[in-house]
Each structure stands twice: as C-alpha cells, then as structure tokens.
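Structures follow.
One chain, subunit A, links the two complexes that follow: it is found with subunit B in the first and with subunit C in the second.
And now, the complex of A and B:
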C-alpha cells in the first residue's frame, strides 16, 4: 500500500481527535485571553489579566496542593499496585484472568457512588468508627473525614486500577529466563528483584504513574465530598470559576495551568521511558 | 491537513448541523420545561396537567443556572419555560432572551402575593413569575451548643465562639460566607468598599478553626450525624434536618438573611407559547400551588394557596416565613462586581 493510502486510513481517527480534542483545546486557549462583562458574558477583547490572576501567590499554592495530591496519589498507588500487579501476573493463566477481572470490577459502579461508600466507611457514625466504639478501642468517634488525607485516600482508591494494569502488562512481558540467569549467577531474590525486575518493569511503573498523576489533578468531586471543601485543588477552583463564578476566561486560564502540569509529567515520562509514541501507556 | 480530510471535516459538520436543526422543530401539543432536578416541578402535577389538557410536557433537568443559560442561549427555540434563580432572570432579561409575559392569558396571575413582585431582577414584573422562595438561615442543635459550653446561638456573631471549634458546617460559596461576615459586622451583602472588605477578610479568617465542612448539597447531614452543632444552609435543607431530628431548630439571625427566588421565565423563541401560558396558569391555581409547595418544601409566593396548605406546613416558620423574617432579608445583588475579589479571599481563607 502506498504511504498516501496508508495515511488515509488514519483519517477518521485524526478527524475524531481533531474535532473532539483539538478544536475544544484551541477554543480554551482563545477563551483564556478574553474578557467578560458584568453579566458574565464573554467579551472579545484581548487581555492578559486572567494569567496575571493565575500567577497570584494564593493560587500558586492551589497549584502546589494539586501537585502534591497527584504526586502522593502516584506514590501510594505504586506502593499498593506494584505488589498486586506482580503477584497477579505470576498466577497461572486462569487465575490471572480472574485477578485482572476483580481489579477492573469496581469500574462497573459509578465513581460517585464509590465515593459515597468511603463516606459511609469513614464518617463519624460510619462503619469503622462504629466498630472501634463497639470494641472499646476509642471512646468517641475518630474524625477521619474532611481532611487532605481523606481526599488522598479517595483519589488513590479511584485510580489504583490504572497503576495495576500498567505494571501488570510490564511484569507479564518480563523475560523469565533473565530471572533464572540471575539466580544461576548466585543473586538472591532480593538482589534479582531490585537489579533485574524493577529496571525491566520501569516503563510500566512510569506509565502507570503518568496514567494516575494526570487524572488525579482533575477528580474534584472526590475532594469536594471526602475533603469537605476544606482543601482547595485546581479542579475545585476551575469548577467554581466556570459555573457559579461565571468567569469562563479565568477558568480557561486555570485549565491551561493544569494542562501545563500534566505536560510536565508527560515530558518526564518521555525522558525516562524513551517511549516517544506513548505506546506503553495504552498497551 | 490535506484536502481530503478537510472535505470530510466539512461533511461531518454539516451532518451535525442538520441533526441540530431537526431537533429544533416546533411540536404543537408539547411544551418543554428546563429546571432543577429532584421533583422541583413535581411529576404528579405535570401528569395532572397532561391529563387535563392533553399537552405533553418534556422536562429537561439541569444542575446550575449557568448550565441553563448555556443551553438556552445555544438553542432558544427548544425550550418554552425555564425556572431560574433571581440573578439569572436579571442576566437573561438584559441579554434579551426572555419573552414579555402576557398576563391576560393567565387569570391566576392575580394569586401571586405582590410582596414578591417588582424586584431588582424584573423591576416591572414583565418577564418572571416567582415560583419557589427560600432563604438561608442557621440550623442549630442548642442542646449540644450548651454542652460544649458555648452560649445559645441567635446571631451570626455567635458562630465565632471558640467553644465551637470544628463544629460548624456552611454552604460552600464565597459570596454567602463573605455575606455572613459582612452582616455580622453590620454591613450589607456584596460590599465593595476596600476598607470594609479588608475588615471582613480578617474576621473571616478567624472563623476557619470552627468550620468542619463546606457542603452545598446536604449540609443538614452533618448536623444529623452529630459532626456539627450549627449550620448555615438553605431553608429547604433546614426543613429536612429539622424533620430528621427535632432537636435541630431554625435560628433566624438578627443581622439579616439572604433570600432567593426561583422564577418561571419564557424563552423569547419558545416554540409553544400558548401551551406555556396554559401551564403557567395551571400551576398558579391555588390548590395546585399548595400541592407543589407541600411536595417541594419551598415557600410559595401564591397568596391564594394559603388556605389549601397542610397544617404542619403552615405552622413551620421555615416554610411559612413570618413577615418580620421576610422583611429582614435581602438579595445578593451585584455579585459580578465583587466576585473575583471574594473568590480570592475565600481561597486564601480555605488555605489557612
């Protein structure tokens, strides 16, 4: 097939992406430079005011909060997700399919409902507190809701499957003969793990981290419900600005700040994994 | 992009446009409402109307006034009647989206209490018919307040008592929280004077340790499950909290309260204006308005509905608002002038 014809086959997908990702993106960029009038209508007048506001020290702390939440989410999901993925990938084929199915199962339930589930678990009159009270371990409910940590638990829980699946694929592809070679040469299990397994599954780790980090920036309903609105993240701020704040140009400028954070992580991914096409993210 | 894909793109755009145009056709014998979810216009009432008139009612649910505005401005000829909050009536009116209502087509219009007419959002009452009224107030568990060693709460200022640490829940919106502070200082809502705003900012920051949770949708839950002892919320939420636990009692802060009016408006390009007038007149019938008020638990502006209201509704001060309470309320006017500044202060407040 000629190159021309081969490229034509990609046209529907390119068109799809162009219409649904490219065009809105261009609109958001344009919007972020516009003004608005007293009624919240967009006025076609160029301004840099929105960006000046985004760079305000108070709002920069909101960026920091979001960055911290996303980084910690990445670390937590890695610490929990790696062992899960490693063990599942080494199971016999039938059980492996079952394990993978169980990991994906929560996706069948609305994420909003699962967030309410956490509220039922962690609330003052929730399951955990009732159990602790009944066992006499505490004499009044432990306040576990409405903190940064609560948002973190919820976000990490929500995104854990992405990490597991990314690492799973990379463990699956691991050439077992290399591990045997390592043992034959007298390396301990521990040495083999850190010197052979980890480096060879690094693309999965970095890919999983990227897949977790980026959505963690935007899961604002989790921090609204579990964080009790006590911590401001970028997602909450953009949501307020775009809806009740009736300031879509400012919301657009904040969104582009969020895109910049995401690009930062993607560029690190490209650097570490040398996966220029991003193939490993979707394997 | 090469020429082939450009052609494809244009073709796709045309298909989309054709589909959108097909949806906009006027359909006689049908009306389309756009309003809040959760039985805000009760299904039972709609069914009654459909049975009586044979007009089919479509119901588009939205979650914010801003969504409503976007949908209406994108397709003004797809909606007949819209319910939106006072400030959005003002915006839609000034943007020229609304139809001047022909009162002669609605004999029941005279049932509306004139106290609720000619407000800032519609000075001549040409465009909007008030439907559901609510205020914000404090819901307090005075027993628990006393147990914590604080004095009973009667004003906003009482929320600052150090005994109430992590025991207050509030709705999550900068304008309203700044409003509490401004009122407690004896100022008006949406103050723009920099000196007064700076004073309010400092006082706002002092409130932070007492707030356990910011929650707009179900703040009453925090009082029911005991994680808070006082809450600033909308009256319909306070009604629910009070019904779940009678120890939770309303407090009408002496400094004054905000009032909200959800109103019916008609799209200027409404496809079935006749049907829309029939619907408006139907829901303004005294017995129907009373039924709606009882189902939705909002205060009704329909004066003639009063004798039809059930006893527990009439005896509930959060639903049947006493005159002196209504006189002590005001609208949030001019939000746009203060919003960017208030949002900034509010974010700083939350980061503390």
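And now, the complex of A and C:
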C-alpha cells in the first residue's frame, strides 16, 4: 500500500483528534497572547504580558504546591494501588471480575458527591470526629478539614482507580512461568518480587503514574471543597482567573504553564524509568 | 547397592477431583538420562513440576539423596528446570539471566561468577553472547541460554520440560545430539519430559512410559521398543500392526496363535503378570518395519492378498489383507517379490518384531 493511501485510512482518526484536541489547543495558545479590557472582553492585540505574569516569582509558590500535590498523589496511589491491583489480578477469574467491578464502582457516582462524602467524614462535626469524641479518645474535634493534607487525601482517592487499572493490566500480562523460573533458580518470594515482578510491571507503574499525575496537577474542585482555598493550587488559580477574575488570556497562559510543568516532570520520569527497565519492555 | 539419587514413593496428585498422578514409584540413578514419555495430558509435566516443587503432592514422598524434599519450597531444592517456553527474563541480558541463580543465593563472588558464566556459555556454545537481550536470540539460542542458566547452579538433577517442542524439525534433531553431549560432558542427571517417542528412544538411558497418571513401563529404549509391557506401550511406541488372534497352545516363551486360516508361532510377553491360556483371545503386535512380503509360501507366515502399494521416498508401504484385517508392511529396500495389487502373498517377520499380549478391556475402543 502506498504511503498516501495509508494516510487516507488514518484520516478519520486524524480528523477526530484534530477537531477535539488540536483546535482547542491552538485556541488556548492563541488566547494566551491576547489582551482583555476591564470588562473581561478579549481584545485582539498581541502581548507577552500574560507570560511575564506567569513567570512572576509570586506565583512560584502555586506551581510548587501543585507539583508537590501531584507527585505525592502519584506516590500514594502507587503504594495503595499496586497491592490492590496485584492481588486482584491474581484472583480466580470470577472473583477477579468482582474485584475490578468494585474498583470501578465509584465512577458511577458523581465525583462532586464523593467529595462531599469526604467532608461528611472529615468535618469537625463529621463521622470520624463524632466517633472519636464518643469514645473519649479526644476532648475536642480534630481539625482535619481545609488543609494541604485534606486536598491530598481527596485527590488521591479520586485518582486511585486509574492507577489500579493501569497496574492491573501489566500484572495480568506478566508471564507466570517467569516467576516460577525465578523460584526454581533459588530466589525467595521477596527477591522474585523485587527482581522480576516490579521491573516487568514497570510499564503499568509508569502508565498509572502518568494517568494520575496529569489530572492531579489540574484538578481544582477537590482542593476547592476539601482544601477550602487555604493552599492555592494551579487549578484553583486558573479557574478563578477565568471566571471571577475575568481574565481568560491570563488563565490560558497559566494553563500552558501547567502543561509545560507536566511535560517537564513526565519526560524526566519516563527517561529514568526507561533506563532502568530495559529496551525489550517498551517495544 | 548404591543409593538412588532420587526416589519417588507412592506419589499422588489431584487437581480438584481429578487424580492426575496415581501411586507413582520409581527411582532415578545418578548421572543417567531418564525420559518421561507419554501423550499430552498423561501427567508427565505435572510429575516434573512435583519434583521441582512447583506443585504440591497430596500423598507419597520424594527423596533426594535419601532425604525427603516434599515440604521444601522450589528455591530450597537442589534441582533446576528448563521450561518449555524457556522463561528467560526479558528485562535482563544473557549474562544477568545466567547469573540470576548464584546472585539470588549469593553463592559466588562477582569475580567467580564471571568465570562461571564464561564457562557455562562455552559449554552451550554461546560464548560472546553475554550482552544480548533474550528477544535478540533465536529459539535454539534461547534454549541454550535456558540450559546454561540452570546448569550454572550445578543442580543434582536438571529437569527439562519438552525443551525441543518449539523448535523446527532440523534444529530439533541437532539439539537432540547436543543435549546428549551436554549430559555426558557435565555428568548431570537429566530428567526429560517429551511426548515424542523418537526423542525418547534416541537420547535416554531409561524411559518411563506414562499414561493416565500411571507408570506403564520403565526400561531401556531397547526393552521398551522390543518388549512393550502392555497394549498402551505397544500402540504408543513404534508403528505396529495390532490384531486380535486366538491362542492355540502356550509354551515357555512362545505361543501358537491363529489368525484367519493360518497359525503362527510368536514370542509372548513376559513382563505382564497375567499368563495366557490356550483357547482365549489375545492381541498380536508386529512392528511394520520388521515385516516382509514374499510371493512364495513361507514358514511361520500369514497368507493374504495385496490391497495397495504406496511408494513414499525411501520406503514402500504395502497393505495386505489377511482374513478380515489389513496389515501394513514397511519395506526399505527393494521388495523380495514384484507383486501387484490383488496378488496372493505371504507375510513374514523377524521374530523379535512380534509380541503377543493379553487382551485388555475396551482396547478396541481406545483406538489401538
């Protein structure tokens, strides 16, 4: 088949990606170089002012908060998600389907509702505090809401299924005879896990981390509701600028700053994990 | 008497309700090449995995050098396995694959290890391949690396699970001689699983024929080929004509039997406990390639008519109708007589090529 014919076959996909991904991206990039008037209307006049403000040191703190939140979310979901995925993937077929179903179940409920659920749990008059008070473990309610940690718990909870599904798939593909070969050659279960299982499921770990890290960087309603705005994250900042701040060009510039941060961190991460896992895995 | 290297004692294994290994008992001697031969699903691979420790046994015992190993985890047993699909670690290069065992057991310093890796690579004729990744190797090369990875641990027994199954015919033949060479050179005891009778007959010191989870016969390739113990072994090993006959008289080692109009004197099976009685039905098995067709009347022969003649390269297959049965004769050189389809002929055979066995229940249904 000639090259142009093959490209023709890909046309519907390219069109789809172009319309739904390419065009919006171009619009955001274009918007980020425009100005606005006092009422928030777009003024079609080229400026670099928006980017100057993105690079302003007072916003560095916000970038840092978001980066920390996203990295910690990645680590927490990995630590919780890996064992869950590993155990589920090794269950007999029927119970496996049930386990996967249970992991996906929260997706059936609005994420906003689930976030309110956390408020009911963690609030000063919430379930946990009431229980602790009733049992006499504490005298006054533990302040658990509106902290960085609260946002972290909420975000990690929200994104955990992505990690589980990504790791599940790679554990599922793992050739069991390799584990047997490892035991047979004299390795203990622990040695087998660290020398065989982890390196061979690294694609799942990398995939899961990527799937969790990117949304964690931009997710704003969880930190809005659970963090109460005490820690400002990029997502909250962009949301505020685009709505109440009436500055969509600046919001667009910050969005692209966030994309740049994500690409930077992920490219570092991919490079390190690829180096460690050998070329055969990524072919 | 010298103690056997490995002894299997009344070993039983179930998968749920399925009894896959039934009272398996035999011993393996140091330095021998022992083959577990049987059709797929007979339990031979399961037996190998029980020895490796990858399967638990429900009852019985496994003794290695006199000590029970049945409770030991696979990593604590001094045996190593070459897996059917080789199971090389895809993320490690050849060197690290081979070094895996000693590193996990911390049995060698890195300097000694390096020397040993070079040695075993030389042994399997793969020197210089240290830095290759498994996916850069051909099937035969992977096979050699898998063997090297096992041998570096100097196991008391090397277990091989159909290691040649995935290779093409030519390479398979070559690797047969190669494996036999390796076994002689290292003096390691090999326990080899296969469903291929030719492989088994070619390489083994002794063969254990297994069917339906039971040992059917244990012996040298020669014994098994020439004196099969029962109908299963008779049909599984060698190409034979298997026909029902009537026993006329029973002697010390031979019996006179009748097929159609003719009666012949044949060797009767001694390995099977049940003695034949005159007047009963029995089964006569004759190796196709030990038979001859002749145009003249002959001693101790069956008379029949030629039903068809096929020329297949170096061999000629002649089908002869005797009574209501078709016997197939395979001749390699020129035929004794220049017969054509429909001619009356006599069929004879070398005495060692025929054996008389007792009838077993349902043997015809099992497709013998």
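In this section, the second predicted complex is superposed on the first by the 257 of 283 C-alpha atoms of A that agree within 3 Å, B and C clash if a C-alpha of one lies under 4 Å from a C-alpha of the other, contacts with A are read in each partner's own complex, and residues count from 1 in each chain.
Here is the rule we use: a residue touches a chain if its C-beta (ideal position, glycine included) is under 8 Å from a C-beta of that chain, and two chains touch if they have at least 3 such contacts.
Worth saying up front: this structure is predicted, and the values here are computed from it rather than measured.
In the superposition on chain A, A:41 contacts subunit B only, with no contact to subunit C.
In the superposition on chain A, A:124 contacts subunit B only, with no contact to subunit C. Put simply, more of the residues of subunit A are touched by B, taking subunit B and subunit C as the two choices. When both complexes are overlaid on chain A, the residue A:199 reaches subunit C alone and has no touch with subunit B. Of the two partner chains, subunit B is the only one touched by A:247; subunit C is not.
By the touch criterion stated above, A:182 is placed in contact with subunit C alone, subunit B being left untouched. Applying the stated contact rule after C-alpha superposition, one finds that A:11 touches subunit B and leaves subunit C untouched.
Of the two partner chains, subunit B is the only one touched by A:19; subunit C is not. Judged by the touch definition given at the top, the superposed model places A:191 against subunit C, while subunit B stays out of reach.
Residues of subunit C touching subunit A in their complex: 52-54, 73-75, 80-81, 83, 85, 87, 89-92, 100-101, 104-105, 133-135, 149-150, 153. Remark: subunit B residues 1, 4-5, 8-9, 12, 64, 66-67, 91, 94-95, 166, 172-174, 211-215, 225-227, 336-337, 339-340, 343-344, 347-348, 350-351 touch subunit A in the complex. Contact residues on subunit A toward subunit C in their complex (touch as defined above): 175, 177-178, 180-188, 191, 195-196, 199-200, 277-281, 283. By the touch criterion given at the top, residues 8, 11-12, 14-15, 18-19, 38-41, 53, 56, 58-59, 61-62, 65, 123-125, 143, 145-146, 224, 228-232, 237, 240-247, 250 of subunit A touch subunit B in their complex.
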